[in-house]
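You will see two complexes here that share subunit A, one where it goes with subunit B and one where it goes with subunit C.
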Partner chain A sequence: MQRHLRKTILAAAVLALAASIVVAAGSASGSKTTTAKAGGTYRVGWEGSFGFTDAFDPTGEYLGNAWALYSNLLLRTLVGYNHVAGAAGNVVVPDLAASVPKPTGGGLVYTFHLKSGIKFGPPVSREITSKDVLFAMERLANAKDGGQYPFYYTVIKGWDAYAAGKAKSISGISTPSATTIVFRLTQPTGDFIYRMAMPATAPIPAEVAKCFTGGKANQYGRDVVSSGPYMIQGMDSVDMSSCASIKPASGFNPLSSLTLVRNPDYNAATDSKAARQNLPDEFDFTIDSNADDIYNKVAAGQLDDEVSSPSPKVLRKYLTTPSLKNLLKQNVGDRTWYLTLNLTQAPFDDIHVRKALNLIIDKTGLRKAWGGATAGPIATHIVPNPMLHNLLSNYDPYKTPGSAGSVTLAKAAMKGSKYSNGDGMCDAAACKNVLMIADTRAVDKGMVPIIVADAAKIGITLKVRSVTGAYGVINTPKNNIPISERPGWGKDYADASTFFDELFASSTILATGNTNYSLVGLTPAIAKKVSASGTVTGIPSVDPQINHCNKLTGNTRVSCWAALDKTIMTTVVPWVPYLSAQNLNVISTNVTKWNYDQFSDQTAYAHVAVK
Partner chain B sequence: MTNPPDFEISAGGAVALPAIAIAQKSPSRLFWERFRQDKAALAGGVVVIVLILIAIGGGPLAERLTGHPQNTTYTDTMTDSFGIPKGPNSTFWFGADAEGRDLFVRTMYGARTSLIVGLLASGIALLIGLVVGLVAGFYGGWIDTALSRSADVILALPQVLIAVGIVAACSISINGCVGGLIQPGMTVVIAVIAFFSWSYIARIVRGYTLSLREKEFVESARALGASNLRIITREILPNLVGPLIVYTTLLIPTNILFEAALSYLGLGVPVTQSSWGSILTDASQLYDVAWWLMVFPGGFLILTTLAFNLLGDGLRDAFDVRSDR
Partner chain C sequence: MTLYIARRLAWTLLVVGAVLLITYAVFFLLPNGDIATRFAGKAPTPQLLAEIRNRLGLDHPWYIQFALFVKHFFLGDAYGWPGLGYSYGGGVSVLSEITSRAPRTLWLITGAAILWLVSGVAIGIVSAVKRRSLTDRLAMGFALFGISAPVFWLGLMALWIFWRILGVGGGTGYTPIAQGVGSWAGHLILPWCVLALLYAAFYARMTRNNLLETLGEDYIRTARAKGLSEREVIFKHGLRASLTPIVTMFGMDIALLVGGAIITESVFNIQGLGWLAITSALNQDLPTLVGVIMLTATAVAVMNLVVDVLYAFIDPRVRYA
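Moving on to the complex of A and B:
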């Protein structure tokens, strides 16, 4: 009896253990793997418009939502990602290439060997060679073809000469065989391998893309030739016998919908199941101008996923209804939202004022405008923590109780300011009627009153101008905008250089389309070039530190970026960071498997399944 | 049986009329006697007066009563953990708005915005319309043709679309429009509304002026050698006062709604300034979880437009502007 009881207990314990392992495995992947099966259509509601930056032409497309479609479904690059959540999703893995190469020649040479048996989809349907990768790189270098991030590749020898039309080929790229491509760089570049995982480097067949150059380059977006598991519906009917005969594929209407179906030339044996499972037969992306309608349809099972932002009331519904909780997916967005302070404009040309503002802003209040804690953790520095391997998780140089701002601490910081008469308030005339550019989204409307009220507590009165499309105003230095609440910045790939290079390097200060809104590193000469005025002397620069970190690799590189983050937060103070955004997705009950793609910060379409 | 006559014929055949006190009534007295019989108009007038008082002192008074400054956000206490506002309670009588501000205080301040926009825009429209209408109607000829067709063009324009365009364009620039003359915010909203409203007044004034300039008293003045300016200002203008008051009163609620519409579209007053239209914009996103955002400012908006309309109707009747009298 006792023995029997022991057996029963043991069996029950084993069963319980097995069950807990199954449950844990299921929850770790964030999905219900038990019922995932192939087939069906994955239907996605897309709010407003596709918003593509170059009409879905991979050479010029710089939109994360598009990258998710390319990387998961349509295009394969030499190296890529496994399209999963968290740190594992930022690890570069082989895709077209058989392995991820280690640099040779003192960190200057990268040699990729392509797998065999990988074909373009219809209508090309032939094996992909190294020349197709070269063609994509040349297309990216040619400014007329609309490339939007060629700056990542100027480290390749001969790139600039080719881009300027002074050379017929890029001398630093060679294709010794159909399956080998070699890149020679001008300087060691620690994150080069990430750059070769970006969608613009995916092979492009010259026989089709040659028809789309110059002014009509981005029309290739209507006929993107697949190298991945899915293709645009109707591509198999596109007649590529001549340029004139190539018509847009039937499955893509830029104003309303995009339908992707299985690519008959895709060979799953050349791919990794860890990277792409390709379960649904079809993906439908449909534009809907009404976000409420999208969420209603997801709730009703008429859509399965969304490319939108759940409003606070949608979040509340999903988080407070036990049966719905699992349908709201929260993932690290690798994006920081911040107030930008212009270092040339009074009173923010004084570091004491910038520090005081960091200490007075109620970051918790600002986060409520985004929907509360679900929107993400409070940002206390520049780069999202996961990208710095959590080295700065506990770093908060402007800590206040509850992250709600502190008048005492802010006044103490303000006391040293030339704009204060020692009472901790910004007293000078320069502190009054300071122009703040805001946008007109719901979150902006929610944040502006808080910022205005908080700034007033230390004597800064803000004159707010709400502008639809505020980026267009603040990215022009000659407008001399002192402060804006609009900016947010997300990674291009999982290296902090994609924050520092673009946001704080003096070389990125441009007359238009500037992203270094604070003008860190501005000199009188640059100020003249971009027509910026105000205090243009004595602006701190972090160019040497950025250059130093860029040459490093591995953990040393990450530590270098973390140290630079601290330096900027304490000695430059160009921002008031307030939110490390989470990406929120609401899915329907039809979805039986779901994951998050950390690379694109979107749904991992490569790993979803529906009933 | 018929009623007996209320006068008697004396034996001598002379008719003895009853003693009737004949009192001369001034036009203003006639107006008041007619107006006070119109209870709806009186009620409208009382409401308008109350609204004007609210516009003048309601906001600060509400701040004092509640202790909640209009732009202070109470996100800790008056929004839930998701940032959704909480409803009315003993200290926040109308609940909170989407940013956690006191909706009662914001609604009171909203009255000021609505009335300032309504009154100023209508006042500017009145001035422009009056001048254009008087000049066109009095001088006639090519001046009339030019001015009247201009007014027709304004009337033919798709107002909301163009207003949205103008306000959006002036709000995008840091310095406003027309070299900084039109600043983003309330100024541009007032300018836009006035631009689209003057033509109504101009047409009405022109019509009256065309009729008045042929009247005998104008002929007399002209015969006495009065100048055109004097005839316009001393003979015609006083006769336009009644109709102008009536039509302006009716124009004010239209313009208040116009401002609400612009604010609803996100093109109205700045976000730090309260306006019923902008509160209703917030409400459109949250009405199913925060009814108070729709009910209170919406109620005031309805009450205001109704009161002005009733008052305008009453004034029209009392001033004898209607053609069927």
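Moving on to the complex of A and C:
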């Protein structure tokens, strides 16, 4: 009996072992990359609120997250991107247009030929023509319709006259046929092609959008008519027979969710798989007020992706768990975080002090507040390296050991300052209680003590005021804020003009909503206009260099921007750049294909798939 | 009584009006920068900012904006009556947002209120009757825990233990009751319990203290001497007299939770009125903020009135002229 029992037990053990080997082999093969297939719903948890700047109306929407949805899923522009990572993701490719045109007429004329067979989605469902692109441009030019980046298109002849209401049309845009649109510029503009890939230039059907003008313009965001592979759910039920009958599409509640489904009028033959694979049947974007809940749901497979910021706890979990590591996606974000120094306010009106601050700040410490090395590489100059084709990847004019700051080097720089009595410290009264505006995010709370301590090492004592929404304070020159740790700047498209024009050109200094926080190029006349006070004479300007680079194209243009970056970092020194931000995405095990869209710095929804 | 109610309603209108006026004043007098820049992109032109201010009604002084709000409130606007305008950022009607989110908050409060009232009063009664026993000490220990534990911690722990580990409950989010009672209740059970715990603790302590005081009165001794059962003594004579402060507290708690269950709504992603209030404050969305504040202020004022009227029925000594 005992022998029989032993045999039985042994047989059972062998069977169990065999079964576990089979199961393990099965799950091992299951854990290998599954072939991406069409179908399913891609579910994204979105933290807090959509944060749209113009209620999702493409004419006025200036949020990168919104651009990802437009460019990947909803809207096609004359030219676009392949929605991939890295330098390849910043290359402009044809979209509505049959090819990317080269400028003619001395760099002043761009002629686009539209492909045929591309239609608007429901409820319009008709072929897109050149007039629809023209309508979108006119809507962008009309300030009453809320366009937020028309300044990119003032180079088009007649734009300003139309925008001012002095002309009935934009003379520099013509539509000689239904499939041809011609742009005539006032000056050569080397990055004009990039500007025509912006979502606001996507065709808009006048028969719908005419109902959304002036004060109601941004309500078009509830009924955006698709020209892409997906549409807002419910658009096929929208009644466009009259303006009064148009109701918001059911698939979009601006405060809680957005659902995109396949556009039945989309013709994949007019698109390229390199640009859009369109694998899921549906995309669900749902607001979640609890960031931890989002990551829990991604981990549990109830969500596939997230629009949020992983906490240090989440990062640690994904970085230290081998089975989770490949679910944390890290990509260069084409964004620089920096401390901004106001050139009109003591002691930062002295270049020696600005250089000393660059040499004393512990950039590695600041990066730690962002989460450490996963947050991205230390920034040593203004424009992210990929945008300058890595021409400045080894350039660090304020190099210190470990990027941790150096008291010796900082004091050496400070010695030449009028605020120092030669001991390398900032001794004057102007160096004490200098106001610094900080924000109230967790990362700001981590950075502030480091900045305060570092500045104190060279005699600058900072008085910190923390404000939720600090941008609202620092973008008003009359507040005369000497220094702020809040700013970051990301590209609008992959040309350095999107940094230099808006951050350092004197023409962009505004009384409110100013982004040239350092007031580079300020003159006494501009200072009076924007009510800035302090040292308003002798402020360095880089306007000539910016204007020169803007006229160039190709590699010459990139080299010009790289040289300007160096000039600003050494002869103007308006910033202490410290971080080239990476974008981090956490995805679930349901995701069988994932890519990163370098244009929008978000998930490339055009190239994702789920089980 | 009718005259009393009419007078109180008139005062309610005045109180709500004063709250709104203060809200407008604080919103505009706080140094929060130019709101229009939040909706204007990176490098707004003065013309664009002017258009945005005009669209949002920000080109009027704050007291004019307040007056316009009052006018639209009583006369209605393009989105219906009362006219609460539309949110700055979402471009949605504030009235529709509030009416669509109010059920989430009201269901949350209703379920939690039932739980805390029943459990809190019951625990308080047991604790008072079995004074200084082990039961009493455990009950008051529970009360101390409930009062001390932060709601956000309770919420996160509840989610982790019950939903994540034990698989109990629907997790976060809200399912309307029309989509299934099971799913609706499954999503609300944890928020109900978490929200109820703090209040149950307060109510347990209050009930215990009040009941102990009442049970020491002479008329209770007389009732016992007359041979009434302990059950009758406690429930018919003791508890009724102890209820007055509990009714007051209950009314105020319900009213304040209308716009105030912010932490519970955020942790459990219920996205009700409390969440709407905090989101609109952070996004400088004045119309939505004003809409929620108005609702909350009205709720507080009305509940105060309801409580005062109930007094007259609970306590025969109270009569209103």
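The rule we apply is simple: the second predicted complex is superposed on the first by the 577 of 611 C-alpha atoms of A that agree within 3 Å, B and C clash if a C-alpha of one lies under 4 Å from a C-alpha of the other, contacts with A are read in each partner's own complex, and residues count from 1 in each chain.
Quick note on the criterion: contacts are C-beta pairs under 8 Å (C-beta built on N, C-alpha and C of every residue); 3 or more make two chains touch, one makes a residue touch a chain.
Note that the structure is predicted; figures quoted are calculated from it, not measured.
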{"item": "First (subunit B), second (subunit C), both or neither touched by A:Asn475", "value": "second"}
{"item": "Partner chain in contact with A:Thr553 - subunit B first, subunit C second, else both or neither", "value": "neither"}
{"item": "Larger contact residue set on subunit A - subunit B or subunit C", "value": "C"}
{"item": "First, second, both or neither for A:Gly215, with subunit B first and subunit C second", "value": "second"}
{"item": "Which superposed partner A:Thr589 touches (first subunit B, second subunit C, both, neither)", "value": "neither"}
{"item": "Touching partner for A:Leu315 - first (subunit B), second (subunit C), both, neither", "value": "first"}
{"item": "First, second, both or neither for A:Val452, with subunit B first and subunit C second", "value": "first"}
{"item": "Intersection of the subunit A residues that touch subunit B with those that touch subunit C", "value": "467-469, 472-473"}
{"item": "Sites on subunit A touched by subunit C in the complex", "value": "48-49, 51-55, 60, 62, 143-144, 146-151, 214-215, 218-219, 221-222, 253-256, 287-290, 292-293, 296-297, 300, 302, 467-469, 471-473, 475-476, 492, 502, 508, 510-513, 515"}
{"item": "Residues of subunit C that touch subunit A when the two form their complex", "value": "31-49, 51-52, 54-55, 87, 89-92, 97, 156, 159, 164, 171-173, 265-269, 271, 275-276, 279, 282-284"}
{"item": "Residues of subunit A touching subunit B in the complex", "value": "311-313, 315-316, 319, 362, 364-365, 368-374, 404, 435, 437-438, 440, 442, 444-446, 448-450, 452-453, 464-469, 472-473, 479, 481"}
{"item": "In the complex, subunit B residues that touch subunit A", "value": "71-73, 75-76, 79-84, 98-101, 168, 171-172, 174, 184, 266, 270-272, 282, 285-286, 288-289"}
